[in-house]
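Next come the structures, one after another.
Shared chain: chain A. Partners: chain B in the first complex, chain C in the second.
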Partner chain A sequence: MGPSLTLVDITKRYGEVVAVDSLGLEVRPGEVLGLLGPNGAGKTTTIGVICGLVAADSGRVLLDGVDLAGSAALRRTIGYCPQSLVVWDRLGCLEQLVFMARLYGASRADALRSGKALLAALGLEEKAGVQARRLSGGMQRRLNLALALVHGPRLAVLDEAEAGLDPQSRSLVRDYIRGLAGERTVLFTTHDMDEAQRIADRVAIVDGGRLLELDSPSALLGRYGEDGRSAPDLEYVFLKLTGRRLRE
Partner chain B sequence: MSGRRPAAIALWASLFLRLSARELQIAALFVLFPALLAVVYSSAYGSGPASLSLRAIVVSGGPPRGTVLASALSSSSLEGEAAVTVYDSTDLGASMRALRDGAADVVIDAAAGDGAVARIYADPASAMASYAESLARAAAASAFGPARIDPEWRTSASFTKGSGGANDFLIAVPGLFVFGWTFGAMTTALIAVREIRRRTIERAVLAGARVAGMAAGLWAAQAVLGLLQAAALWAVLPLCGFPAPARPLDAVLAILVLDLVMSALATACGLATAALCSSEGVAVNLCMIFVVPLAFLSGAVFPLSSPTLFSIGGYAFSATDFLPSAPATKALELALVRGSGLASAAPAVAAATTGSAVWAIGGAALFGLRRLSARRRPSWDRH
Partner chain C sequence: MSASARTSARAASLNAGRVLTELIRDPAMLGMEMLLPVFFLFLTVVGYSRESLPRTWIVEAESSALAARPGLEEAMRAARHSDGRPAFELEAARDGDGPGAAAASRRAALVLRQGSDGSLVLEGDAMSKDYVAASNRIEELLDDLEPERAGGLRLVSAAPAFRSPASDFEAFVPGMMVFAVLLLIPQTALIVGRDSRRGALDRLSGAGMGAAAYVGGVALSQAAFALAQGVVLVALSLAIGYPFGPAPLAAAAGSLAILVLLGLGSVAQGLVVGAFAKSDSSAINVGSVVAMMQVFISGSFFSMPAPVVASIGHPGLASYAAIRAYDFVPATHAVDALRRAMLDGGSGAAGPVAAMTVLTLAYFAASAAFFRRRFMRPR
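Let's turn to the complex of A and B:
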């Protein structure tokens, strides 16, 4: 079972801008939680704080109740898939997966096994020896995801992992992420409300760095419906909560 | 992982070597450019004789200064032979004509009488001026005492068109090795900046990578590339007429040791550059802040006499005291050109090692603070 993730009163400012404002959130063990919000809502900063890439001004991040700030080893049980493509252009797919797994401490044999399994699961098996720069955009995104998961993390943090994928690839990745549930805890962000509705056990909607709602998609649809009827979809709920004003 | 340092070093070294090898233009240019420079140098200056013996005219107003200096110069030896063939003269004008006609490599005017113990005439664009000056300094030091700390015993060099040339290539070769290694700062900076710009360094941070492992891996990769570079240069030298070193084993050992030392220095400069910028274009320019002094002000490429910057406790510090490439060039000159044993070069190697270690710690620490620390590292995404 994946671990529980608890954010306690996280605040992060960039000068005058408050990116995350006293954010509290709990992700249950083995759950798939979608973190939704408009551009600039603080999603990526929140993820950066969870992964240790951004230092919060205040607050704590707990994994199974243990503060991540005090445990580098615990932090390495997190797998992070960044929003932008972060791959080594001139390394082969398997080559970079093996490198990452080994950097996390895996033996060469384990790293190879894990790398090959991921490539197969994400439809990149035939591209094992191909350098990343020679892959299509969609393949690079799948490789981006594989790099986050190659060391077998207990918590997968996926920042818009499905952005830019065609429907076939999106379906593959969606099924794969869903398949992670239980054994791992998954926190993901997306701007695709349909995807969030399909994948997530619960969704957290944030704006201005604050948590606005946290519940299952069906519960939110029921809560924000009108005239005794459920809301038509999650996007309706999202816009009702965050408004229609353009951001950034 | 962080506890298994050797594995981390091997991983990073292997990654950086593969990335370098796949940037064929950079790798080929880096590995081959000192060898190409050797060809250019030998074409320009000629390969010169197999001996560095210098034809020096000592212009003396009479004893004691000129005689003592001439005697000290005569006793300098090189590869078991006289380093300088000294001709006495009292006529500066005739000596200068001999210099211009190529009958002498250098004129040392010991009768200058303007506070300098000797005034040296040679072509500063050639290596001879600096080489002659170093011999004159050493001779003056042995004849009169510690010449370096007494302004009375200054020497100076003046440009004399058409002079010099005979042995320039031999003098320049040690500097070619050092220049090549120093340029490793550029390749290190480019690799490190690319990791930052493409954010692959984030993945390393998440995996708990530490700066020591990364820096040591870069150092190891740089040392391998440096060795290839030295091998290419070594291979081309005989074709350019460079005589085989008197003690080849000592020369090879000196190259191996100095490759490690200078690679550490280049890695440090590359990491310091990468700590301060995050685009390749800026890195190339910024890196010159390190490469130019290390290659050019140290005397590695153009032999220079380094002016005193300040004095502490009677010791005069010059720029070369802070540039490990200066003693590295000196050590290679001893082992490669002068045929001295490794033992003779050891003090210079030790000085280069100590200096490079200080630079390496500084460069790695700056990179770690700026690029691997969540609290100090600039944020890329601010959503």
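Let's turn to the complex of A and C:
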């Protein structure tokens, strides 16, 4: 079973701008939780705080109740897939997966086994020896995701991992992420409400660095419906909560 | 070795393998690291003369200028280069009546004239190497004749510490080798700039890689290139007939060690530049400027004045010692050590090598500190 993740009163400021404002959130063990919010809502900063890339001004991040601050070993049980493509152009797909797995401490044999399994699961089996620069954008996206998961993390943190994928790839990745549930805990961000509705057990909607709602998609649809009817979709709920004002 | 040190060493070696693999597969980078040094030496072979240096300088002199300085004409006629050839060939210039035939045809290194205020005027092309060398030599002769010119103190004049280059070719090959190795600065900065731009530093940091492991990994991979560069440069220098002192193989081995050490110093500086680079292009641009600046101030091709940073004693005294800006550049010491190794079997190279080692370690420490501050910790 994946671990629980608890954010306690996280605040992060960049000068005058409050990116995350006293954010509290609990991701249940083995759950897939979608973190939704408009641009600038604080999603990526929150993820940065969880993964140790951003130092919060205050607050705590707990994994199974243990504070992540100062625990390098605990941080290594997190797999982080960044929003941007972070692949090494001139390394083969399997080569870079093995590199990352070994960096996390895996033996060469285990790294190879894990890398091959991930390539197969994400439809890149035939590209094992192909350098990343020769892959299509969608394949690079899948490789980007594989790099986050190759060391078998207990908590997967995926920042817009499906952005730019074609429907076929998106379906494959969606099924894969859904399949991680239970054994691993997954926290993902996306702007695709349909995507969130399909794969998330619960969604958290944030704006201005604050948590606005946290519940299952079906509960949110029921809660924000009108005239005794459910809301038509999650996007409707999202816009109702965050407004239609364009963000920077 | 502690567990964390073992983990860090393992991460550094994995990172080194990663960087090395990427470099070997990148034709542009590989060409820059391995083919440019070959091209530079090829340029030296075809571009610089192997004829003996320095030449005998033709000097046109006004008779009034010589008459006003008793002994100067005799001293100039007696002056010899280290190989026994005369330093000057004097030709008469008509007093106050324009250049003579040698100056008009630009064969003369300079013209000695009597200034209207009684001073000695050394007229010529100040950018010409012959003008600079000949006027320096005349000044030395005048110092011997007129000690009061230096305020009563005899200027310290030391014999060269090692055999001077006998030709442009001998003088410029070590400089060209240093120039080639200095290109590791922009190359290393580019590797770091690329990792920074594509977010790889965050990914590596997330996997537990610390600043020392990252810096160590890049340094290890680049050290492999520095060694390969050194081997190619020394082998080529032997192949093109560079006279490697009395024991050529030992001198070549010493030169290789100096080049590898300079390579490491360049990698360390590249890491410092890379720690501040925000993209590939800024990394390579700043790195290239740093490398080119060092080519000039290190004296690889010609000497350059540099501001004194600190000094002990008084200028003119034998005990005077000054630390100048170029002393902080490993290339300065590399040129010195390399010339000693290549021309004179390495006598006296220990000092410059020690200075290079200290500077290289300092730059590595600085790069690790900058990385820790800028990348490998939460922002």
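Things worth noting here:
Everything that follows uses one rule, which is that the second predicted complex is superposed on the first by the 248 of 248 C-alpha atoms of A that agree within 3 Å, B and C clash if a C-alpha of one lies under 4 Å from a C-alpha of the other, contacts with A are read in each partner's own complex, and residues count from 1 in each chain.
Basically, a residue touches a chain if its C-beta (ideal position, glycine included) is under 8 Å from a C-beta of that chain, and two chains touch if they have at least 3 such contacts.
Predicted model, so just to flag it, every value in this text is computed and none were measured.
With the C-alpha superposition on chain A as described, chain C and chain B clash in the combined arrangement. Of the two partner chains placed by superposition, A:202 touches none, neither chain B nor chain C. After overlaying the two complexes on the shared chain, residue contacts for A:42 are found with chain B alone; chain C is out of touch. In the superposed model, A:184 lies in contact with neither chain B nor chain C. Set against each other, chain B and chain C differ in how many residues of chain A they touch, and the higher count belongs to B.
Using the contact criterion defined above for the overlaid structures, shared-chain residue A:147 touches chain B and also reaches chain C.
Of the two partner chains, chain B is the only one that A:19 touches; chain C does not reach it.
Of the two partner chains, neither chain B nor chain C is touched by A:170. Taken together, the two complexes place residues 48, 51-55, 72, 75-76, 78, 80, 82, 84, 86-91, 95, 99-100, 102-105, 131, 147, 151 of chain A in contact with chain B and also with chain C.
Against chain B, in their complex, chain A makes its touches with residues 14, 17, 19, 39-45, 48, 51-55, 72-73, 75-76, 78, 80, 82-84, 86-91, 95, 99-100, 102-105, 131, 147, 151. By the touch rule above, chain B contacts chain A in their complex via residues 1-2, 4, 7-8, 11, 15, 18-19, 22-23, 198-200, 202-209, 374-375, 379, 381-383.
Chain C meets chain A in the complex at residues 7, 11, 14, 17-18, 21-22, 25-26, 198-200, 202-209, 377-379. Taken together, the chain A residues at the contact with chain C in this complex read 48, 51-55, 72, 75-76, 78, 80, 82, 84-91, 95-96, 99-100, 102-105, 131, 147, 151.
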